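Chain naming follows the written order as A, B, C and D, and within any one chain the residues start at number 1.
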């Protein structure tokens, strides 16, 4: 059983069905198909406001192209040190922007906060030619620590962001998990709270390879299509990206998938945390569990064949376990029982 | 009936079946899955030599990342004026290389030739600091005019290319059509003729979105994976790219698909060319037909609902018609009959 | 005697004196000195309109940074095939723009013309995502063939340029020679004719290393200072750049220098053209002479120790001779006498 | 009296004399002059080893082009948080490398140390496709805090650097001050200690605008000349850069200038530090004094017309005072007397 990441999963049946259905007949290429052309209305309805939307296939593409439209080459992007754009994209934002700088804002639980942001921006060197110029703030919802920003927290960050004439980007690779966790509407934690552009993730939550870049500030969208084409992210058979996105938001599939993943993560976290010597690193607010466990338990589970990643360092006793849209309850039960057995054995000695 | 391009088609049934099959269970992400790991051996067998292979989703990504590994920012890439990399990728090679220059080599039938290349390279300014430095030659097989390079032609180009210490890249968006047309092996027109890197296209010939960058000169591959990741082209659920490529080359599906497309194009070309006032622009050596027809015939067909592109200029009487892996013989018959009817009507008056 | 280029000369005495004078005392760095701060008013007066001005040290920097503020990474810059930005800057515009494409417009005498430009722009692919997007037109005054654009020609080019919402840049490495040649004001052939940005050259005409980027469309200047800093072209001891520029335009030094160079070139051209078998390639409208001469004359002069470049090809009998601000009349006399002697000898046989 | 920076000074008389002398006659452009061609031998002698050398006009150009030859676009450059390349060049390294990332290594006195570097490199993600790849280490000698690295410290850093197959760059904007401070040879703290490339500064220590990029690892120099040209840093009248550098190292001018600056800084530091409530922030090992003084003293000096920068924050009581090659002893005396007077007044109350 594989708890390494939500990207080890396959495709949700509803989305695979949509791909099969979309395979009928011919369709004009590069987004001039009916699937793609429907998306804007569908996403505008979902977000309760008129949006401009661009499908792409990967989260890195979504984030980096989005950031490139709001950040000049001499710009600065403010983000959390642990953010995906800073750590896990091999410099994609720097590549797409033509060499902007990512400036990190520390914060608890993988989140930046308005106070820290304001402090850093107060010394940002705006208008001083020797320094890179503040351009964008990027936050991750749910965060890399599996925690969520409240609508209020986002609103406060947006206020600081906009007071400095910057744009606010949200990396929503696990946006669905955050929406479910907060029990809010998608609008509540995006444009209503001040987000300008959202990377709306689908891949980790049941798509094959599909993300939507959603512009709430539609004026910012002007150059996106050229940047997407130029980077090889404009698909000729675009209908197959768009069909995934359509199926993903139809009948709330995305929320149902995320709700399941969150529940499985919560159950997993609760079960593990009840064992002696086990400590959750962060509250489990989405579908990721960061947890410190006795060495014997970690090793025992790995020896049993359960798959998950040690966190930050090899052989760490802090590990990450991720639940997905299709994680089976019986798999949670299985790992919990195995963990308990290793725990009992370890503490008997 | 849509003859606009081979990318208006959907996915070949064998490839869709492979996607469905690949959706079973979990798989490690980013290419650490069994599908992807099988590819190197499969492609090495197909090409009769050890190759290094990277799946990506689009032809533009394949071309641009491939060129970026052999071209420094101050480099020159030699290509045909009509080549996709020069005209149809919104500057992707320039983006990926960090600002290299595409220098065009004219030639008949969408092909450059060794003589013209040698002449241009003789004045290339190699070693002179004021000029961009020769780095790569890129040829398109089949060409943008629907013609093919013979093994000998490629060999001659490769000799000039390598004599100047440049690398030879082949854009094989329609590589299958060329192989079938020439009746050769894939090896014959790639590494045996001197090609260093091939963008091996599958999307236009039945895949959903899949291309393989094939390195025959494996030393050149060193930085590819970082550049792919950094551009957002490393798919987390990579198995779904790799499964397409595997199905594509299994049981010669790629050659069967291309053979059908080529036959349909040949039939279409022969039928249209037999009409009065109709002139083929180029020999039809692959699956594309460039043809000049009387205005009345062009207009008549468009009014009938047949879809195809005027070439180069709006309202041109030169048009392009493309046959695909799943073009139906009855559709060819239908358009030929309609064309004949419009022709008769036009010439009666 | 060296006729290779105007950049083989040293510094005009007035400018060297200005450098010595500027060396008194301390001055705030990076342009916050009185020399630099005076420039805007001085150049506004010179050009009879309010301008924004940035000193830089080289023509390549002036051109490339100027172009980068008006051209997005996915943009196209239209220029003559022989232009310095296209041929002699090792891809600087591509580097500074982040990978834009230079599209060449052929034309006589090193000049593009409005008709050719309009034809190319009519097929530019503006708004089509597959193609780089038209952004800028760049013309060279005087041209690479030593010819000048009339105010009318520039006006016509500007009309086409602006009708397509592009910006017009002028590479004025030899702007002084053109102004003198035309007998016009600097305003006549720049903003009054529709030029948005001028690279105002001084180095070739007596400065040590100084050029001014002059914005007539001042809104375009917004990001220049960051791009200049970021490329290492913001000098800490800026007063020494600015003092050169100030001296250069004081008491019409720049026009006097250029007038002398033009006169010397005219005398040289007239003298050589009177010899048998000698043919001027272009009218000599500035300070450059492109001329075809009998092999024996070319060889004889080189053997005598006169220095000049064969043009386009090694051992060409077409050569370029350039006169400069400090070319001595006696040197012109000397080379003309030597040429006559070689000519007589050659034709005697 | 201006203590803001060493770049508020003019040009040393010996260097101005060299510029005047270099202005005699013609010289071939772009470095094909005798001044430039002499430099390699002169610098090889100075550094007691064969070096490759490139003159440029600014420190930012020297650093950024140097870093770009050793860092791929997907690379990481390790440096101190306060380093000029990280803070004061508006993203020049990111621009020149095509988007590399600067990763900061904290350390006392503006210096990184081998231990911290090794710790960070141990977790660098080398070989992992998701992360930028370690490429270069850059240290500043003298540091941004006015302190110097000993030969041993550099050696230890170089060992870690090379053990990870990275290259070691030294930003030597104040290299002369460090050499004098350490009483060592230039070789001792560069190639003998493991430095691969040095930005050898001259501008801050008496040149008009001249720096030399010195390659000890000469194989790394291969692409430098193209990158310099392409960025507009290849001067046509190069002799005027080279003449500055030649004069700078002739008869140890550079060391005499630096020795004077260091002595003036030492005297200034000692005098100020003797006042009550005054605290040096760092040992004064070169020509910069970072010092905390009572508000009344800072304000009093500024009101008197002495010029210097508050450090890090506006109205800070921590200020920086910089001595230069031509700082007069009487100016030091003057500011010390003024400071004493303000101090007496402040403490009387």
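As a convention for this text, a residue touches a chain if its C-beta (ideal position, glycine included) is under 8 Å from a C-beta of that chain, and two chains touch if they have at least 3 such contacts.
Being a predicted model, the structure only gives us computed values, none of them experimental.
Undergrad: Looking at A-D and C-D, which pair shares more C-beta contacts?
TA: Between the chain pairs A-D and C-D, C-D carries more contacts.
Undergrad: Round to the nearest whole Å and give the separation of the Cα centres of chain C and chain D.
TA: Roughly 35 Å, centre to centre.
Undergrad: Using mean CA coordinates as chain centres, what's the chain A-chain D distance in Å?
TA: That gives a centre separation of 42 Å.
Undergrad: Going by the contact rule already set, what residues in chain B reach two or more other chains?
TA: Within chain B, residues 73-74, 89-91, 95, 98, 129-130, 133, 226, 229-230, 234 contact more than one other chain.
Undergrad: Line, ring, star, complete or other: which describes how these chains touch one another?
TA: Basically all the chains touch each other, so complete.
Undergrad: Could you list, by residue number, the parts of chain C that touch chain D in their complex?
TA: Those residues of chain C that touch chain D are 2, 4-5, 7-11, 16, 19-20, 22-29, 56-62, 64-65, 89-92, 95, 203-204, 208-209, 226, 229-237, 240-241.
Undergrad: Where on chain A does chain C make contact in their complex?
TA: 30, 72-74, 98, 129-130, 133, 223, 225-230, 234
Undergrad: Give the list of chain B residues in touch with chain C in this complex.
TA: 73-74, 87-91, 94-95, 97-102, 123, 129-133, 312-313
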